[in-house]
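In order of appearance the chains are A, B and C, and numbering begins at 1 in each one.
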Amino acid sequence: MKRSVVKAACVFVFLAALVFSNLPSSMASQIREIRISDSKGDWGFPNPYRHYPRGPGYVRMSWVFDTLIWKDQNGYIPALAESWSFDADRLAFTFHLNPKARWHDGRPLRPEDVVFTLDYFKKHPYRWITVDHVSRSEAIGPHTVIIYLSRPYSPFLSDIGGTMPILPQHIWGSVEDPERYNDPKAFIGSGPYLFRDFNKAKGTYLYEAFTDYYQGRPKVDRLIYLRSGKPLISLSTGQVDLANIKPEMAEQLKGKGMVVIKDERGWNKKLMINHRKFPFNDKRFRQALAYAVNRQEIIDKSQRGFARPASFGLLSIDHEMYNPETPTYSYDPAKARTLIEALGYRSGPDGRLTKDGQPLKVELLSSNITVAGESVADRDGEVIKKQLESIGIQVDLVNMEQATTDSKVKSWSFDLAVSGHGGVSGDARILNEMISSQYGAGSVNSARYDANPELNRLLEAQMLEMDQEKRKAIVFKIQEVYAEDLPAISLYYPDSMAAYNPGKGIVWFYTKGGISKGIPISQNKMSLIR
Amino acid sequence: MRSRIHHELGRDPWFVTGAVVGLFLLLLVLLGPCLAPHEPYDMSFIPLSQPSAGHWLGVNDGGMDIFSELLYGMRNTVEFGLAAGLVSLVFGVAIGLVAAWFGGVLDHVTMRLADILLAIPAVMILILIAALFRPSPLALALTLSIMLWPTTAKGIRAQALVVKNRLHIHAAGQMGASGAYLIVRHLLPELFPLYLIGFATKARMAMFMEASLAFLGLFNPSRKSLGIMISYALKYYYLDIWWNWLLPPVFLLSLLIMTVTFLAISLEKVFDPRLKEAM
Amino acid sequence: MRRGRYIKPLPAFVLAGLIMVYASYRLPRLLPGDFVSAMYASSPVTLTADQEAQIRAYYTRGEGFSRYLLNLFTLKWGYSYTFLAPISALILEALPWSLLLMGGAHVISMLFGFIAGVEAAWRRGGYVERAGVGCMTVLEGIPEIGTGVILLLVFALYLGWFPASGADTAYAMFSPLGRVWDAAQHLALPLATLVLAYFPGNFLLTRGSMVMVLREQFVETARAKGLPPVRVRYAHAARNALLPMVTRFGLRIAFMVTGALVVETIYAYPGLGTLLFNAISMRDVPLIQGIVLISSLMVLFVNLALEYVYGWIDPRVGYAQ
């Protein structure tokens, strides 16, 4: 009898321990942890020199390292800098730093750190931004820093202000080889979260709240990233609180109580054209291609309807400097034919276009691409091939690995290539990067088109115009000229969505213009800051 | 004796089911290309469409008709299974008979070899070769056969040893029959049941391997196979594709393996009197 | 005699082991010249020129076979460029999970399959028994890939009772008991899949051989002696029915490994199977080689252990040798 009572008691204690060890924290407004998943998992160590050079890599670093200013749903907000001003005559930006800002090791953040960061990035460039046009910077008093530009640079606020992470001088001052610097001190930042752990093989990250954060203690104690290939299941079973989803999952998740958010159009699919060879070097041929391609059909067939046709002016329709008067090309195969025939091609009896006995034959390259960090198969090539063939162009569709396609495009050994990139809702500087050789030499998505002197002039001008309104006018003109010349054809913006569990009390959002330079991801740290 | 066997087989539910379904599947395999309403590589249809009159099982993510894919995939799986089964059978029988008949050093050597091959995990080598060299499916089937013949050989050898010592063999030998004659005319036919059983078991294993290897991505990605269909379908788990894309290859694969299993079981039952008692 | 029994199977296995190691050493070196770039060109991983040179050097320098063998024993299994980690670390991290899954599945399916088989044979002829045999025969025909997919969809997606991937919840602050529960939840579905795949075979085999054993003289004797039926079944008769199941396990183990690989991939269970799958899709040759070799050697050991187990179970086998 006694024995069974003792046994029962033990079982009870056992069960009680199990139950109580898993109860949520008793502090009502403090959330214990948030879990975020993506399909890749591994984006490198979260510090400026070791994160992978893609959006998700930057975001994981941004929890640990703060910038001078930041963005929330509506626009720029103070971060390390409480206020800032621009002196057009002296080409100087003044930032007044928040006196409460401090590093994770307790030391206060001083203007000398900003000065140091700018100098350090000159010696050891940070891949994401350039500090070339900064001539010098000065620390004035305990909380002010002035940055002088050598020449006007319109994306300054977006780059140096909103993207550049500030490094602690007392740690990096002695580091000669930043990319191999492996010490735990390499992760001392001024951001809301402390970096605790990263497991490369599992693709997991662990961050803990920095309780002395200058904007107040973060709402969530622990932030965890994991890797999951099945976001629908992970969200439904509560394994994960925020994840990118495919548009088809939206209805099901809404039904389970999740909140689904949709991004502005920040990523576009493009048809790259080798405008250095005939017949692609003739603007009329490129326009004919634009008329020949039925973008809605591509959207229906390869994106199952979850995308929207793009503006031909490269800049996103959601961009604040989008020009609604940008020339547009509706689907008009007859017009396409007429334009091509104007170049000397004739339609044969089989419908194929020929010139001097040579059929019009083009090679179209296609590959797997990454959209906001997820890898998708590219079927656009198939559809475009059919569309071009229906007006008489013979198309050789070649599927290659992305790396091979990229190198062929870079070396101009291609005719047409399907490609894509983001940033089209970020700073208008993206126009320069994606149009001109000078700015876009390194990017595989850049059209590298320098044949139009007026376009070149405009592109130069927009980089030097510090007045936003005047810059907008220039950017409007750029879109017009670009859509007229069409060095590359923007096809569509795939729908990009994420879903989160509202039960945790956090509201996630897509930042207008993208996080920092234009990253279309919904993990803005402001969601976790009061 | 023959008719008794036929009679028994005919009464065994496993055999009947296996034979009927098997015949049906065989028909599908042989007539596959004719039955397929579309070219399986034709990617022009709207991806992920639901089943319709034109596409009985709908369209997959690449724009290909699923029903046609299914037929071609099944063909490839069965082809692989039959090839591996047949070749391993030929090896196994040949080596087993020779070892049993000639005995001595030959027997010893071949059985040692068989032991070593049995000890090596065949599958691993197959995976390694498939991953590194990406050989053609036929080459892989042959490699698999090399791993499979030892069990057959051992079985054949054991039985051949028994038969070898039977009276009628001795008698024929006395009458002047040569070794080759005895092997071909007597041993070979008398061991027939073992061939069927051995073939069935090996073919079954080979088909399972083919589906698994395809699922793991060890074949050319554009080669149609039930395994790779399942793998692709699983990626779209969040869509309504369970019934039309995911389950058909699973079902068909199970059906294939089940059929061969049933046939093997009933053959074993009928031809091995000891086992029959147990059933 | 005793000692001889332990030594006898060794040569074949050692030889097999050496062949395996040699194969994994030689095969990659047989690949066409510039296989490194070809391999990694179609892989999502981009190698720096430095890393490429390192891999190429690793494969082309005339590393002797004995050196290779030595490295094997000292856990210097090479370096993976997809994961940027030493291969030994990756394998040793994934191994326990695989052992848990496969070991658990085999133990459970053998134990329950055996008991169920014995009981079924004892109660031969009843309707339930015949239906059971029928069901199990059908179930045996469904491959792991099929049951895995179905269980995933029904229990993880549709019902949401179990997690769909992983072996545990990362960075969870669980008590040790909570940890065990968490691991168990993640293990449930893959384990169930494998058990469903292995159970029918064990059940049918045990039942079949048990039926034959029950016919034997010594069983009658035991019954006649008035021994309790359970004792008759297990202590006397079942032992003889054990051998075929163990034999079958040894023969089929290699195929079971493929099945487990597939199941791990379906559930993204971080064992050797998923690691191998990732290595294959990333075309990470050193990693593929490492995993294949280590798992083959493990299978070899298991087979060797089985040889001894046979001898213990059935003394006749021991004497026959």
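Everything that follows uses one rule, which is that a contact is a pair of C-beta atoms (placed from the backbone, for glycine too) under 8 Å apart; a residue touches a chain by one contact, two chains touch by 3 or more.
Predicted model, so just to flag it, every value in this text is computed and none were measured.
By number of C-beta pairs in contact, chains B-C lead all other pairings. Compare each chain's C-alpha centroid with the centroid of every protein C-alpha atom shown, and the nearest one belongs to C. Averaging C-alpha coordinates per chain places the centre of chain A 44 Å away from that of chain C. In whole angstrom, the spacing between the mean C-alpha positions of chain B and chain C is 22. Centroids built from CA atoms put chain B at 51 Å from chain A. Within chain C, contacts with two or more other chains are made by residues 157.
Among all residues of chain A, those that touch two or more other chains are 230, 232-233. For chain B, the set of residues that touch two or more other chains comprises 237.
Only residues 14, 112, 115-116, 118-125, 127-129, 131-133, 147, 151, 205, 208-209, 211-213, 215-218, 227, 230, 234, 237, 242, 246, 250-251, 253-255, 257-259, 261-262, 265, 274-275, 277-279 of chain B touch chain C when the two sit together in their complex.
Residues 12-13, 15-16, 19-20, 23-24, 27-28, 31, 137-138, 140-143, 145-146, 149-150, 152-153, 157, 207-209, 211-212, 215, 251, 253-255, 257-259, 261-262, 265-266, 276-277, 279-281, 285, 288-289, 292, 295-296, 299-300, 303-304 of chain C touch chain B in their complex. Put simply, chain C touches chain A in their complex at residues 41-42, 44, 46, 83-85, 90, 93, 156-157, 160, 162-166, 169-171, 174-175, 177-178, 181, 268, 270.
Those residues of chain A that touch chain C in the shared complex are 14, 17-18, 21-22, 197, 199-202, 204, 206, 222, 224, 226, 228-230, 232-234, 236-237, 239, 375, 401, 403-404.
Per the touch definition, chain A reaches chain B in the complex via residues 230, 232-233, 246, 248-249, 252, 300-302, 304, 377, 379, 382, 386.
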